[in-house]
Amino acid sequence: MKIGRTIENDYLLEMLGIVKRYPGVNALKGINFRVKRNTVHCLIGENGAGKSTLIKILTCAERMTQGKILLDNKPFLGKTVKDAMNAGISTVFQELNIIDQLTVEENLTLGREHQRGGILLRNAPDPSFAVLKEFAPDIPLKARVSTLSFAQKQVVEIVKAVSADAKIVIMDEPTAALSRVESEGLYDIIRKLKANGITIIYISHILDDIFSIGDYATVLRDGEIVGTRSVPQTERSELIRMMIGKVVQSKYLPVKGKTDTPLLRVRNLTTSMIRDFSFTLNKGEILGFYGLRGAGKSETARALFGLDKIISGSIEIENKPVSITSPRKAMRYGIAMVPEERLTEGLFMKLSVKDNIASSNYRGISHAGIANKKKTRDRVEKLVNELDVRIHSIEQQARTLSGGNQQKVVIGKCLNASPRLLILDEPTRGVDVGAKEEIYSIIRKLARENVSILVCSSEYDEIAALCDRVVLIAGGRIITTLSNAELDSQRVRMLTMNKGVMT
Amino acid sequence: MKSILKFKKTSYQQLVIVGVLLLIMAILSLASPEFLTTVNLINVLRQIVSVVIAGCAVTLLMISGNFDLSIGSTMALAGTMTAIFVTQGIPLPAAILMSVLIGMVIGLINGVFVIMLNVPSIIATLGTMYIMKGIAWVTTGGNSIHLGLGQDYTFLGRGFLGPFPLSILIAIFTFLVFYFIQSRTLLGKYTYAIGANRRTALLSGINVYFYGVILYVLVGLLSAFSGVIMSSRLGVGSASIGVGFEFDVIVAVVLGGTSLNGGEGSVLGTITGALIVGFIANGLNLMGIHSFYQDIVKGIVLVGAVLLDLTLKSKLSKT
Amino acid sequence: MKKYFVFLLATLILAGALSGCSQPAAPSEPVAPAESAAPEEPAAPQEPAEEPAEEPLVIGQVFWGLHDSYQQAHQQQTAKYLEELGITYLPMDGQMKPEVQTAAMEDLIARGVDGIICQAYDQASMELSIKAAQEAGIPVVSFVNVSSGDVKYPSVEIAEEASAIEMGRIIGQKFKEIFPDKQVKLLTISDESVEWAHNQRTLAFVSGLKEVHPDLDYVFNGGQSNREVAYAVTEDVLQRDKDINLIFGYDAENGLGAIAALEAAGRGKADNYVALTEFVASVDGSTPEILEVMDPNCSYVATLGLRPKVNARSCVDLLLKLINGEMDMYETQQNIKVPSQIIDCWNMDIDSTQAYLKDEWEIDLDIRAELGL
């Protein structure tokens, strides 16, 4: 590990006057992005702001239209991903670039094996092994990566990036799939990297991340830099304002449609993942489920939607006991769900927005198994307008949309089935701040229209802004239920983090 | 601790296949007294030589996430070309070399289409399958070539080296080479890497195109070589050799635990798979069971073994 | 991985060791026969038991391809016959693949059978297997294929050519009786590229016909082995030449295609087995052909049927001669030639045809009921 370089210039990386034009779009409009040596520099902005384009240019995955890059005060003229890696620019992607079927050791040396004439040398020491030992002594070198947790895999990937003689490590939303505790572990590793003289470009929407580890934050919007701030001297609200260009209103607004007539009453619900869940949900109410990943939120949603087998307990809808054994049945009782995995569970990525939304319900628009084109179109267009999905045409493929718009399409698909109960599992994960607010207002509007809403989330701010009541969960059990007025961020986090405290 | 437990999973899974093999051998030796004789066992080994030789390369190809349906046609073409070259007066070793080169060219063509031009592998190799089969029929005019092949033509397929049948020795040698490639070389490691996650392999700076094409060339080479051996064993060059052979190979590879999605598998498993298929066919033949029933048994064993494998896998991953 | 390798290796060694133990009948080479086996010998000779009287004989048979209805009938007839004789039977499917046939032959040699009957898909490669069997002391009878010279073995041949010539003669005679003043105008539906069938069936038939009608007018030959093509060819030729009065198809598909085209043109009729406008004949002897021939109102007059029972028994009888030492297993001059059954509407009636089907094919066909007579 290289420690204590001679400092010639404060900036390790300078991207100057970067312009990137796609046919019909100016993705980057002349950006000057400077990163100081040995800092954690956060790059933030809404989806489509140009973050990923900028990173792709830096890692040579895309060519810039105009501009120049200085690395260590020398022009960097790489053309391929390999060139960028050789120049010391490594990236830790959201979808990890690590091969499950190989061992940790094999992954660490992948692409730069110790070999002679194509034959691997056995037991050849590699500096990366020592780095791994320093960062995560609990990960065995000979273990298959498929046996590791996501967080451990991420560490392996970071070690791999660092040991490829990286000067700059780019991290793309690394905490998106981590629990709070795991995120803390990652922060530690990032601090260690910094202590070892490595510069980090950290992409994230998560403000907690930025304020935990960031030294500087650069905000991008619409292909331009809004500004760069020193993080310790900046307020959260200022960063948010810079990101979306307006003041965000994420305060709790009591919903008027809320009633005291229960729609759903669950008693002692038990599956293989949750135990003894009892709660009620009133008509027009927004009920939150808050807890860490794996605490039992999604599992409750899955049980209510007929995906997980119910071992014991009862579910009543409008005072009538129901048996939900499959999603089909759940939908028949008027339950719809926006699943956590939008890409794999919520959408048909290769189908059009129209087909996606229409797929949940063809009643009233089809006859003898054939859908009426005009009626389908009318219904889909109505939903698209209501939800303000931004698309050129309803024939556009779902995979071409941004995260926020995709999520709106998933919601549209659920609304097409005219549900009485809408379950949303992590409704705003991977959605940028602006779209988040829009999704919140859609949810509030639905509640006003007397739809009962169940929101599962691991974001405290989301629960606080949205829910009338919140069920706190840890370790597969309900800890307590609080009204919105009783919510307190410190207390809630403490309750949900310490498993089994109040059971 | 946990990881050690899980690490056992893969070897456990391979033990299952050997278990299936043993079970089948036990049943067959009870059912037919002639089954467990040296002569018969050598027979079976000789019958699976072609599947093993081609299967070694196909295993690596399938681990890398690709597929080749042109194996049988390559075999047929290589066999007929060897016979034609020999009847044209070309010395046997040169004729074999040229035929194997033809196989490599076919592999190269497949590789270029699949890896470079992104034609789905099933379609591209289905195309070469028809083309090569057609060429084999055209060059032989539908006849089998057996006149003027000479005495030593059958040496490769039927000859002995000392007390050992030469073709079996060749198969064992091929296996050892591929076992080495799989476990100890860059090619082997990259094959797994590409099959498991091509993008990662690309981003790790691996030349996925080069290695992808190399694997196709290897398949072409070994398919052609097994065609040469088959032709030598039968003593003829005939375009009808190797019809449906690709499926025999794929069955052995899949039985051996290689994933159709790539990233998993082993040459050793393929050998076990080939032994299972070979023993079943041979044992049922010895028992005088009609080939229609043999097909049914083969199908049941294939699906059954894979199902067993999947159930055990999901059970193991739950604990 | 390594553990697995060791395990597999141990399995194979164990199997090898067991295989040594399970050979008490062959005391000459108890274990490790590989070392004592002579090189250059494809299979170590598996001596048949010293006292054949003690154990029942075992006969193996490698078929051309058992998906075919003739091959299945042949197998059933052999099985039945061998059961009568108290001989164990091991039939194997060659699947129309030379490599499968070779493997089957090897399996039989390994099994140490007393004799083998085989029909080659590819004669050259089959002869290598026959040679290996003979070297192991196992006599082989070939069905259909005749020794090419390098390897010597006796055969049971199907005398299809002679039968086709005979059928030509019979049809020629009858043509003279029914159409005394007419010249034969012949259409044959036969694929010349399938050489053996064209020569042994079509040309043989024509040569028999020519003995009676030296002046015949051979109008046209065409077609494949496909009913639609036969239909089209017949239709086209009838357009051009309405005087066609004899049509020969070299297999069932071609004969049935021709009669269908004739019927579509309002022809193909007969009055109580007396054809009105033409004769139709074919080779194969399949049930649909036989039904046409036996139909008194149809001008389909003859077909040539194979005789699975006679063939099966001839093969077995010949093989037994070899096994019992009554004939040398390298004999090539005493081949048995089995003529085919000529099924025509003049020399055979419904009862004798039904008897033929039952006896040779084990088919119970009620021809009267099928034809609605």
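By written order: A, B and C. Residues from 1 in each chain.
Note that in this section a residue touches a chain if its C-beta (ideal position, glycine included) is under 8 Å from a C-beta of that chain, and two chains touch if they have at least 3 such contacts.
Only a predicted model underlies this, so the values are computations on that prediction, with no experimental measurement involved.
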item: Identity of the most central chain, Cα criterion; value: B
item: Most distant chain from chain B, judged by the mean position of its C-alpha atoms; value: A
item: Centroid distance [mean C-alpha coordinates] between chain B and chain A, Å; value: 44
item: Length of the line joining the C-alpha centres of chain A and chain C, rounded to whole Å; value: 71
item: Distance from chain C to chain B - Cα centre to Cα centre, in angstrom; value: 34
item: Multi-partner residues of chain C (each touching 2 or more other chains); value: none
item: Chain B partner contacts - residues on chain A that touch it in the complex; value: 81-82, 85, 91, 96-102, 106, 110-113, 115, 118-120, 122, 140, 142-144, 146-148
item: Of chain B, residues touching chain A in the complex; value: 2-4, 6-7, 10, 184-187, 189, 192-193, 195-197, 199-206, 263-264
item: Contacting residues of chain B [partner chain C, same complex]; value: 11, 14-15, 18, 21-22, 25, 29, 33-34, 36-43, 46-47, 50, 144, 146, 154, 158-160, 162-164, 183, 230, 233-236, 238, 240-244, 266, 268, 271-272, 281-282, 285-286, 288, 290-292, 294
item: Residues of chain C defined as touching chain B within the complex; value: 1, 3-5, 7-8, 11, 15-16, 18-20, 22-23, 33-37, 39-44, 46, 66, 88-93, 95-99, 102-104, 106-107, 109-112, 121-125, 127-128
